[in-house]
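There are two complexes below, and they share chain A, which is joined by chain B in the first and by chain C in the second.
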Partner chain A sequence: MSAPVVHTEPTGRATAPDIRPRYRTPGFWTAVVAVAIAVAVPFLVSDYDLFNLSRVAAVAIGVASLNLLTGFSGQVSLGQGATFGIGGYAAMMAIRYLEWPVWVALLAAIAVGALVGFVIGLPAVRMGGFNLGLLTIVIAALFPVLLYRFSDFTGGQAGVTLAAPAFPSPTDSLTDAQWSYLVVLTLLVLTIAFLDQLVARRTGRALSLIRAGRILAVSNGVDVERLKLQFFVISSVLAALGGAIFAFVLGLVVPESYPLVFSITLLVASVVGGSRSWIGAILGAAMVVYLPSLASSVIPGEASAYLAQLVFAVVLGLCVIVASSGIAGAGRRLASSIERVLRERRATAPPTPPSTTREEIR
Partner chain B sequence: MIEFLQIGLDGLMTGVVYAALALALGVVFQGTGMLNLSQGELAVVAAYIAWSCVQAGIPIWPAIAIAVVASAALGTALYQGVVRFVPPHREDSLMTLGVTLLLGLNAIISIIWGTDPRGFPSPFGTWVVHLAGLRLTSQQIGGVVLVAATMLVMALLFTRTTFGLRLRAVAQNPRSAAFLGLRSGLWLSAGWAAACAVGAVAGVVAAPTLGLSPAMMTVPLLMALAAANLGGIGSRVGVVVGGLIIGVLTAIGGRYIPGLGGDLNVVFAFAIVIAVVLVKPAGLFGRESVVRA
Partner chain C sequence: MSAASSGSPAAPILSLRGVGISFRGVRALDDVTFDVPRGGVTAVIGPNGAGKTTLFNCISGIYRHEGDIALAGADIQHLRAHRRAAAGIARTFQTPTLLDAESVFENVLVGTHAWTRTGPAGVLLGTRSARREEREAREVAWERLTAVGLAPVAHVPAGALPHADRRRAEVARALASRPRILMLDEPAAGLSAAESDELLELVAEQGRATGMTSVLVEHDVALVMRTAGWIAVLDAGRLLATGAPDAIRQDPAVVAAYLGTDAEVAA
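Entry: the complex of A and B
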């Protein structure tokens, strides 16, 4: 966020969501249409595509959790992939060793995520920028090492596998893949609805105040560290939830899935999709899931994974330098400039606020 | 006791690699305000270039020289091509950029040279010195001498030449330097070149012991980050001393603290950093920066 944008926000149209009811915003209707299409999809495509789409939805929860942190709370974490993996391992081990039912295992993953978020968050909220990056990159680099190290417990290289599908279909009219996709989709929609409410309310406005200036926030009665810790914990909980769902979709967890590069890839997805947009999180997640298979259709063999990685790097670099609000931000800017052109046609329109102000609101 | 000394000495020998990498991190940070997370990958590139030259029939020392020069050129290219577009006050963007370079370089290395570990010939031969019960390999001695020589050159460059004076001027106060007619972009890219050259030496020294692979420098990079934090990233002496301390302490800790060892030594390194930073937030040699609210 550049300085002028941040300053227009609190004085500008901070109350806009209250003036315009949510059901009248274009974003709301876009979301409704998107969900309607997403619900129709399982009856149109193959089970293999559904498997991939379920992976996208699970990763999207992880990316959305990172968006909450980077886009709204202003903390760049390089270790979200590790939290995602911890959630996956917690859920799978709860099923495998404790023989808990799937939904209880999800709750276990959430509890572990909260614990991890609290432990990492306590030092993290006092840090910003580089030190936080340092702390989280160390966590991300160590997570796979620890998995190998305690292989008696984690299954080492072979990981932990599920004996039966996590979300078996309750009726004969739906295949397991269709049912599993619908469950994961529901969880994704619930997560995003929750996050959207979270940042739209009072806490969200307090966060914009923190981004505008810490001292400003403190003098307005915002307990900065407490709020940031809350968000860190919520973000970790959601990352762990996403990781658990991802593990259930795959039916296994292995250390190989969670190298340092995976944590970085989540950050790429967040930045490239647009770290202040929930649709951006889904776009980013789709990129994470589909780019490697696209790359392998270009070059066969091991090099394809690295080609995908190179594309991630190039795209991320472009986003950092050129378009800091990602694909979703670029789309929104396009939409608002079209809107501005239309309004100017209607002649005596008042000057529109800068496009980024809209972004700030929703 | 002999064992303790031997482990400490081995740690010191590993520490020089951390010190060299940390120095590279420090030089870039002072100039560009960027924590260059890709410094490890840059060192790997240098090691692979040297390896490729050796495969092509060039003797090892000229190959190392080629690698160092090529790394310096790569550093300049990265600064001019990518880094200069991100303003220095945007910490988060710079951090993301560091990650970008890490990701991209790692991918390029893996595509060009593959991920199978390769043997890297030691440029120092294979003799062993026994001294008062201690054992030193030629690789250890040669590595220390090479890194020490590089650091001496850097120290002289930074403190005794106009080139170094200008580099420091641009790093410390870009605006005044600009008023004095220094083109900051040019000098910052020179700083990147110097840092990458030092990193290249670290890569070449580390490669024979660690085995050449794309992930070779991941742990040394984390150690160097710890070293830079420990010594204070704003101080060139500090980062080098930090690297040596981290090398010695992690070697001793890995041997004598049960459960540690191998990659887990990184945990120990960061525990040291946290302990020190709690007492001296700017690191052992760093100066506290005061910000007016």
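Entry: the complex of A and C
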């Protein structure tokens, strides 16, 4: 037996930093305020604006799924738009051909998303990096082609449409658009709450290790392949869910909604919004939805599409150069430097005990 | 009592049998066979390119290798790297590798991954066992952080630490994994003599307290002779000798191949 060792007694505060409850983080209250505003919106704006905002919320789920993949698990997908579209088609076809209820159709989209994620993810996790980018871009390029090729099944160019609104208002005091917006908003909030909790604690630490490097991760006992596959599948599930909701909001799915460019646009939205931030996903999604219509208000006609793409490219370039953590990251840095200035004004504040918390909403 | 004092103890903590590896036809390690005695500090020494770090990478499972490795009598050669970490093999790196954006505390906390079990579902649901395990992990991390003397900078981003503290943080992270074997890759590099002595004393103290065995790769022969109870000498990928420091110092093959000048400098 070895002799008992006298440990140097840590003086003063000798306990580990507490886990601060979620409701005590500033990010939580920011989110609460944001949700409160979002809930008030349908009573202030037109039904057409609500339609656009519902699209933003649905696309935001897709972008958030990409944030989970790129920002948190360190993988890249250039084919998330295809998975988004597959979710849309799965849900719409389940309603149209199988006459399943809307909520069951959403579950069907989730199941199809999981299957797609597993089938792509299994080889993808082994490839990683550049090859994974190539594989997913091929899938994104093939998807619309296959939709046309199997037009008996997919409706070809005409796609699949809904006969009635997916989320009809249950009450006379709300229009369909208002109700639909609130439903989609709820699904977005649930998704983000799910994601925010998913990347916390032990899982979050494993993801940090994976991003820092494979050798570091495995040396600390992280099963890198398993975790990457899990996150690829979860990401695909959420992309499919977002796609299904998007299809319900539009009331139709057509191949031209899901070209290769759409997949790339989602990735750009993730980077520009901030791929480690959930608010960033919403900002990125807003850009995806509003940029084309803003562009067409500046230049009419076909040229507007090019203008939208040009603006997108310029914003992406700016982000890569000046704000590598996206708009949300830049905002967070601005906030923390303002906080630092304020703190220095207060001069001699007592030192704060170390308290580890994920202080920002991601 | 200490097992590492002299002679070959009955039950080694780590047994290497015919460990070998080639990179593009170059034999980096060839038929390396020796035992690491349980407890205490064992050193692996040898000139540059002898295969010391390669040996670490084989033991921790980073490289696929030939031969058999047993940890406390159980074969681990078929285990992948993360399973070996979970089995109790921890390591540090030649260049301290930390999550620079995360706090020092968070950097030590990641070491607990090796023995914690909560999966994504447990984290998501915040189950009772997940919360209990999280608390325990934080306590262990804090205790190790305190042991290496980094508690005052617990909330500082690891990227802001000076080199010596980066080494300490890495050692604390490895210790937080509750290892049976701690492998230190050139722990003295970039540290002053006083700093490296302090660090190795701390590791030895943890070893005495927990029964952990330390294995270190080191260039500094004087430091090795001071701290190690058992030494393995590698040269050009082959095992040259193993033994207690005194025996190694007088081994003609070792002196001829490696120690000669360094030993004179150290003496």
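In this section, the second predicted complex is superposed on the first by the 326 of 362 C-alpha atoms of A that agree within 3 Å, B and C clash if a C-alpha of one lies under 4 Å from a C-alpha of the other, contacts with A are read in each partner's own complex, and residues count from 1 in each chain.
Throughout what follows, contacts are C-beta pairs under 8 Å (C-beta built on N, C-alpha and C of every residue); 3 or more make two chains touch, one makes a residue touch a chain.
The shown structure was predicted, so the numbers you read here are calculated from the model rather than taken from an experiment.
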Contacts of A:P101 with chain B and chain C, given as first, second, both or neither: neither
Which superposed partner A:P26 touches (first chain B, second chain C, both, neither): neither
Touched partner set for A:F194, first chain B, second chain C, both or neither: second
Partner chain in contact with A:R202 - chain B first, chain C second, else both or neither: second
Which of chain B and chain C A:V224 touches, first, second, both or neither: second
Touching partner for A:I215 - first (chain B), second (chain C), both, neither: both
Touching both chain C and chain B, counted on chain A across the two superposed complexes: 215
Residue ranges of chain B in contact with chain A within the complex: 35, 37, 82, 85-86, 91-93, 95-104, 106-108, 110-111, 114-115, 218, 222, 225, 229, 262-264, 266-267, 270, 293
Chain A contact footprint on chain C (complex, rising order): 1-2, 39, 60-62, 80-83, 85-86, 90-91, 93, 97, 99, 102-103, 105-106, 109-111, 113-116, 118-120, 122-124, 126, 130, 133-135, 137-139, 141-143, 146-147, 151, 154-155, 173, 177, 205, 208-209, 211
Chain C-touching residues of chain A, taken from the complex the two chains share: 1-5, 7-8, 10, 14-17, 19, 194, 197-198, 200-206, 208-209, 212-213, 215-224, 227, 230, 354-356
Chain A to chain B touching residues, read off their complex: 70, 74, 76, 78, 128-131, 133-134, 137-138, 141-142, 145-146, 149, 215, 260-261, 264-265, 267-268, 271, 302-303, 306-307, 309-310, 312-314, 316-317, 320-321, 324
